[in-house]
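Here come two complexes built around subunit A, the first alongside subunit B, the second alongside subunit C.
For the complex of A and B:
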């Protein structure tokens, strides 16, 4: 497997790890008595995964996608897979490292307050829910883009 | 009273102050991303400038968003003394809405570009 294929596979796997970790954060926050250690571990895993996915996916996107995959999709049966989905995905993804870092920062610095103050916990859960929703959209868009590239 | 984690500053910096500063800077960073994405598509010289300055326009948007987040976050930690937990809740809620509206704005914009715009 060459370096570009490895980058694509790693980008997908690490991105999925990030979504799973974000979902674990959301579920942890929805519990009546969340485990602070679990929230710290999962929120850091999510943040680290999105950072790694940013670097590895970015390498693949900048080095290979624009020159080799994008023209194929735009000339194929589903050009909107690039013009709508890829354009949206590549930019909306940029939100995730910042959002996941904020979730980790709040849990790491204000963990006790989260356990004590329900409104703060709910606000953080809403943010984790947005991260899961964005991550899921990005993953589904990636599946459609891969399908369009293979036509 | 909340624990101060940097005692060497004049009044000390609370944990909530750090969280609030970076939550505010995350809102600004997402705003910068959305602005650069839409403005870059509508005004091609901006996209070209980002591509020339940062190898690729996408890298440029990420780098500028990162520096907005880090720079503004650090500046606010030291210059904004409002470290209230009630503010944290408001800032997190605002961040949720900015992220949702930013996501919807980008998708709607590219849907328009893909299906309706005349190029």
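For the complex of A and C:
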């Protein structure tokens, strides 16, 4: 596998690990008695995964996508896959590392306080839900963009 | 072992754990509520079964995206816009959302159990059925009908099995 293919695979799989970790944070926060250690571990995994996926995805975009894939999609049957989905994806994605960092920071700094204050726990769960929803949109948009590259 | 074989094996294990987990979750749930009280042991069995289902879901999603990457890298990108694939993705999203709704108690149990069981079996059927002749919408209509049919069957079994 060449470096570009490896970059694409790592970008997708690490991003997916981030979404799964965010989903684990959400489900953990919705429990009556969440495990603080589990929340710390999964929220950090989510943050680290989004950062890594961002860096690798950025590399792939600059080195390959922009020059080779983007023109193919724009000339193909579904140009909106780039003009609408990719353009949205590359901006909306920016929420993920920052929101997941906030979630990790709150869990790491406030610790047991989150488990004792129901409103705080519910707000954090809502934020984790937003991260999962954005992450899911990003992943699905990626499938459509890749599909459009072959049309 | 090549990547494709590894993905197939992982995908099958994920689906097996999910379908098996959903089936046993239903059986254990019916047995647990039969006397009107969920004992700690019964609760523990249910928790373990849900953990197995979640493991199956993670394996299914990771290996599923592995297949999508394989299509992309092998120049078979057209498959990524296939209606059956998107129906399967939608059903997996329903499974994920259903788990959240159960956790926040915003989903009636008759619908939650049916959604879980039907979605896992639907994912199995869609994964195994090559060259499905139906569109995205047709598959989803069939799925919705199946959800309510399974809910009716489960409720009928529950009424007959659970002690009054």
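Assume the second predicted complex is superposed on the first by the 151 of 151 C-alpha atoms of A that agree within 3 Å, B and C clash if a C-alpha of one lies under 4 Å from a C-alpha of the other, contacts with A are read in each partner's own complex, and residues count from 1 in each chain.
Note that a contact is a pair of C-beta atoms (placed from the backbone, for glycine too) under 8 Å apart; a residue touches a chain by one contact, two chains touch by 3 or more.
The model shown is predicted, which means the values in this text are computed figures rather than measured ones.
> Put the two structures on top of each other at subunit A: do subunit B and subunit C fit, or clash?
fit
> With both complexes superposed on chain A, which partner does A:123 reach: first (subunit B), second (subunit C), both or neither?
first
> Thinking of the overlay built on chain A, is A:51 touched by subunit B (first), by subunit C (second), by both, or by neither?
A:51: touches no partner chain.
> Does the superposition put A:136 against subunit B (first), subunit C (second), both, or neither?
Only subunit C is touched by A:136; subunit B is not.
> Just subunit B (first), just subunit C (second), both, or neither: which does A:36 touch?
Touch partners of A:36: none, neither subunit B nor subunit C.
> When the shared chain A is used to line up the two structures, what angle, as a multiple of 10 degrees, is there at the CA centre of subunit A toward subunit B and subunit C?
140
> Does subunit B (first) or subunit C (second) touch A:10, or do both, or does neither?
Touch status of A:10: no partner.
> Which partner reaches more residues of subunit A, subunit B or subunit C?
Per-residue touch count on subunit A favours B.
> Please indicate which partner A:20 is in contact with in the superposed arrangement: first for subunit B, second for subunit C, both, or neither.
The answer is second: A:20 touches subunit C but not subunit B.
> After superposition on the shared chain, which partner residues are touched by A:147: those of subunit B (first), subunit C (second), both, or neither?
second
> So, does A:115 touch the first partner subunit B, the second partner subunit C, both, or neither?
It touches nothing on subunit B or subunit C.
> In the overlaid three-chain picture, find the nearest pair of C-alpha atoms across subunit B and subunit C and give that distance in Å.
So the smallest C-alpha to C-alpha spacing between these two chains is 18 Å.
> Under the contact rule defined above, give the subunit A residues that sit at the interface with subunit B and also at the interface with subunit C.
Shared contact residues on subunit A (touching subunit B in one complex, subunit C in the other): none at all.
> Which of the residues in subunit A come into contact with subunit B in the complex?
Residues 54, 58, 61-62, 66, 79-80, 83-84, 87-88, 90-92, 94-95, 98-99, 101-102, 105-106, 109-110, 113, 117, 119-120, 123-124, 126-127, 130, 134, 137.
> Touching subunit C in the complex: which residues of subunit A?
My answer: residues 1, 5, 8-9, 12-13, 16, 20, 23, 26-27, 30-31, 78, 129, 136, 139-140, 143-144, 146-151.
> Can you check the complex and tell me which residues of subunit B touch subunit A?
Checking each residue of subunit B against subunit A gives 15-16, 18-19, 22-23, 26, 29-30, 33, 37, 55-56, 58-59, 61-62, 65, 69, 85, 88-89, 92-93, 95-96, 99-100, 102-103, 106-107, 110-111, 113-115.
> Can you name the residues of subunit C that touch subunit A in the complex?
58, 61-62, 65-66, 68-69, 72-73, 75-81, 89, 93, 96, 99-100, 103-104
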